[in-house]
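Following: one structure in structure tokens, then a few remarks.
The chains carry the letters A, B, C and D, assigned in the order they are written, with residues numbered from 1 in each.
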Amino acid sequence: MTWTAASAPLGRRRITVSDRRTYGAYGVLVLADTNGPDPQPGQFYMLAAVERWGGGADERPFLPRALSVLRAEPGRAHFMLEDVGPGTDRLLELAVGDDVWLLGPLGQGFQPPEEGRRAILCGGGVGTAPLAILEDALRAAGTASVALLGFRDAPHAQGAALLGDPRVATDDGSVGHHGRVTELLSAELDADPHAVVYSCGPPPMLEAVRAICEARGVPAQLALESGMACGFGACYGCVVPTRDGSYIRVCVDGPVVDADRLDTALVAGAGH
Amino acid sequence: MSGAVDFCGLALEHPVINASGTFDAIAAQRVFGDALLADFPFSAFVSKTITLEPRAGNPPPRIYEVAGGMINSIGLPNRGLAGYLEHDLPSLAALPVPLIVNVMGSVADEVVQLVEAVDARAEIAAIELNVSCPNVKTGLDIGADPDELARLLAAVRPRTRKPLIVKLTPNTADVARVAVAAEASGADAVSLINTLRAFAAHSTRPGAPWLGGGTGGQSGPAVRHVALAQIAAVARRVTIPIVGMGGIQNGRHAREALDAGACIVAVGTESFRDPLAGQRIARELAAPRV
Amino acid sequence: MSGAVDFCGLALEHPVINASGTFDAIAAQRVFGDALLADFPFSAFVSKTITLEPRAGNPPPRIYEVAGGMINSIGLPNRGLAGYLEHDLPSLAALPVPLIVNVMGSVADEVVQLVEAVDARAEIAAIELNVSCPNVKTGLDIGADPDELARLLAAVRPRTRKPLIVKLTPNTADVARVAVAAEASGADAVSLINTLRAFAAHSTRPGAPWLGGGTGGQSGPAVRHVALAQIAAVARRVTIPIVGMGGIQNGRHAREALDAGACIVAVGTESFRDPLAGQRIARELAAPRV
Amino acid sequence: MTWTAASAPLGRRRITVSDRRTYGAYGVLVLADTNGPDPQPGQFYMLAAVERWGGGADERPFLPRALSVLRAEPGRAHFMLEDVGPGTDRLLELAVGDDVWLLGPLGQGFQPPEEGRRAILCGGGVGTAPLAILEDALRAAGTASVALLGFRDAPHAQGAALLGDPRVATDDGSVGHHGRVTELLSAELDADPHAVVYSCGPPPMLEAVRAICEARGVPAQLALESGMACGFGACYGCVVPTRDGSYIRVCVDGPVVDADRLDTALVAGAGH
């Protein structure tokens, strides 16, 4: 079984915010995207507010921002955001009825595990987003999965509510396991070395996941982040180096890549 | 849409093309499917700069956002001449618009080889020569110095009968003087502006560059009025057609570039925000002035 | 506030001065009263460019707003040397900070007269020489050509023992080469960047300029990263101190200019948005790095 | 009697919008400026929204905008705006509770007429604003005045409600006199040639007023507009040519000038 994505509609679409929710440190935007195809888990969209995109810190944002799909219902796409700069700041300011420019769905998403293998979803921070839609898709496909999520503290750990029944780790021990989510991952892999790992999160976490899976010979699919200008292969801005010594564009060749294509998941300039 | 225009003998459906390096028609077709061909946003397609040998480009990060634009330090990644002709040209030749190939070399001999190889391919309608390449000896861009550019064109011009567009660098004291040298040396057109040399500081390492390539080039609306000044200065001094670009976001901006003396315009950074920007701008341009 | 700095022998209380032509201390005192003296936003005051003869400046409009900044075509209005010394100097000498006078002439003889007259006045701490003045013969800015600048400084440098700061033009192919010439010719410091040449289109008359003076100069955050690139390029090649400016709006921006190699910074356009910008930036700069 | 203005406080102040009203095509902002001195009629302030000043058309506004005081109560200043571009657009978007940067009061205002002379206030469009505070001040001083206001059409003519009992002219005849406000002015001056004229409005109107008053030898005080970057004499951007062949800065030498200082009130680049 493979999941195949439809072409993105050519051109950005003007879409209305139909809901705006808060989960502790995170905001969720729900967009009424009735004309686009269903996004695949791991795909992303480029978003920009139609009004006042600009005028924030350093007179930014100017370029649209890449956001993973958090969840898709027919005609609606959900996004999870953390306010880390002028772009996410502006998007989080939007209220129901405001409009955004939306381009997508874009990029290569996750692929389901081979028949009979369990999926371990391991993420952190806003990296939670693509794991939620992945969890939905695995459930629909009848594939067993477990989710492990790491957060900084209790306000961030509220993001865990976006998944079914995840195990949570926090840096400060305020919620769940006191420590790193990769410690939970190692324990899971000890118990089930035959599982397949799906991961998204801050670069150091992603790199730790990559290293653990490499050491254990476990297949892993990593959803990368990278600074993007366009999201559709036009600018060559979003590259990451691969093991074979070349660069790939995260927007068209990713964002999900097989971990064994990379020497490192520490992407220069991504994350905070 | 009205607005058909003759540019160096190329019959263009409208006066809006893409700026080199800001639209990858092959990737876009992968992303958007055949809708891209049915609705191609530009009246000609300019490919990213091609060099003789393949280049990987600069290490990331390659992009930095600034007030009204961005700085890029992409580093001209490309498959090299042979790879381009073999892998990219067949797909690009299938586009519904004329194809312009942008080439760059650091010495005349390289440029001659590039131009001769491109000249031999009937699928290619015109050649754009990117002269924002530093001279190996002086470190200055070839296109910053009228004499150096004239020497380069003396070697290159005789090698092709295709229209030859010289893409000028804005990082010079007197771009009009360079344009005059280009015209005198047989260029069929000039295009401007390329990006303004700019530096983005690292967020945590004092004095270090944010961009993997070190210094980069600024584009977008923040440079639009610098572009207009250069286009107007060049238009006063040459009679060959001008491709005007730099920060164009809408029909009014395109109109201002044409009014300043450009024959056609190119859209770069705005396509990153709106993949159909070229088409939108052509439509806005065709609307009557208000 | 900590952050005292020595600049060419001037003991400045903090590293933030004003950019020439962007703060009129006499008008500001009329508007804000003596609070201006009690709370003067800069650690030195740089006056607007003074020429030998009075100038009315350019016809309005003189200002055009752009993405992340503005274009001005003020045209250096000033009372002329004699008027400045008689009318303005007494008030400016009463400011609580050292006074730097910015002068410009189109031929060496004019500059020599300006520098000698300024040198004779003890109230004046230093001289800034604006070399963004077009050469009458070539039309190119004097400061765009290292040789021409060297010739000018050969005539001017011997006429004063006050610190001589050369304000470079950014509209050149290689600003570092010009800075090297300035250093070799005896400049005590260089300041950069001045405004980028830019054109604003008229809203109703195609091809015509919006600004009464025709072309103008762009300033503000839109040029900040061009400034950083030029400051860094100059810092790699000279040892004399650099006054860094161009789009600085806050302490982080000032810090980036200092990290790029500037000794002190100057604030221009941001003062139009916040008359106390200089003071705010000095305060932010003094705060520990985060 | 002369009216003298206090110095403006040094530096911009962060001020909260305490009321936002609409008069047809115009919006009125009321700002709770408790620390500034009372503005004089004809003075102005520089305003900018604290948040999202930028991100409008052409990635503007960037510079603050000059606005005449419409009316002043203790600790409150009123402003009248028409949406003509990205700056006024953003300011008119503000709601009660939003903050603006305020600098002022700035510039030279109107001076009262000599004892015994009547004041004719003649304005148009947003030029209504300084005439309202002038009307208040004249009333307080016991000086007789009449107000004549010109507007484009009925939605704009609602701005007339900002003055006491003005006579109104509209270009389309929808309200009041069908024609130019300067026709009303001529009639008033026919009836009272001894009056003093105070005027603010679009440059062609202001110029017509100037010409009428010059021809009749009637003293007039004109409140000029001009493109401004700073508002406090720093940029030399706001100049207008005077009869003596020099330029004056509208922000510090104006905005109100005696009409006989000008050859024309048609300021290049001002108005729409």
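In this text, contacts are C-beta pairs under 8 Å (C-beta built on N, C-alpha and C of every residue); 3 or more make two chains touch, one makes a residue touch a chain.
The shown structure was predicted, so the numbers you read here are calculated from the model rather than taken from an experiment.
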{"item": "Relative to subunit A, chain with the most remote C-alpha centre", "value": "D"}
{"item": "Pair sharing more residue contacts (C-beta pairs) when C-D is set against B-D", "value": "C-D"}
{"item": "Whole-Å gap between the CA centroids of subunit A and subunit D", "value": "53"}
{"item": "Chain centre separation (subunit A, subunit B; CA means) in Å", "value": "34"}
{"item": "Whole-Å separation of chain centres (CA-atom averages), subunit B against subunit D", "value": "48"}
{"item": "Shared interface positions of subunit D, touching two or more other chains", "value": "54, 58-59, 62"}
{"item": "Subunit C: positions in contact with at least two other chains", "value": "64, 66-69, 220-222"}
{"item": "Touch-based graph of the chains, sorted into line, ring, star, complete or other", "value": "complete"}
{"item": "Touching residues on subunit C, where the partner in the complex is subunit B", "value": "64, 66-69, 71, 139-141, 144-145, 171-174, 196-201, 206-207, 215, 218, 220-226, 228-230, 232, 247, 255-256, 259-261"}
{"item": "Sites on subunit A touched by subunit C in the complex", "value": "58-59"}
{"item": "Subunit D-touching residues of subunit B, taken from the complex the two chains share", "value": "67-68, 221-222"}
{"item": "Residue numbers on subunit B that touch subunit A, as the complex places them", "value": "21-24, 26-28, 30-33, 35-36, 39, 48, 56-57, 59-70, 72, 74, 77, 210, 212, 220, 269, 271-276"}
{"item": "Subunit D - residues contacting subunit A, complex", "value": "51-56, 59, 62, 90"}
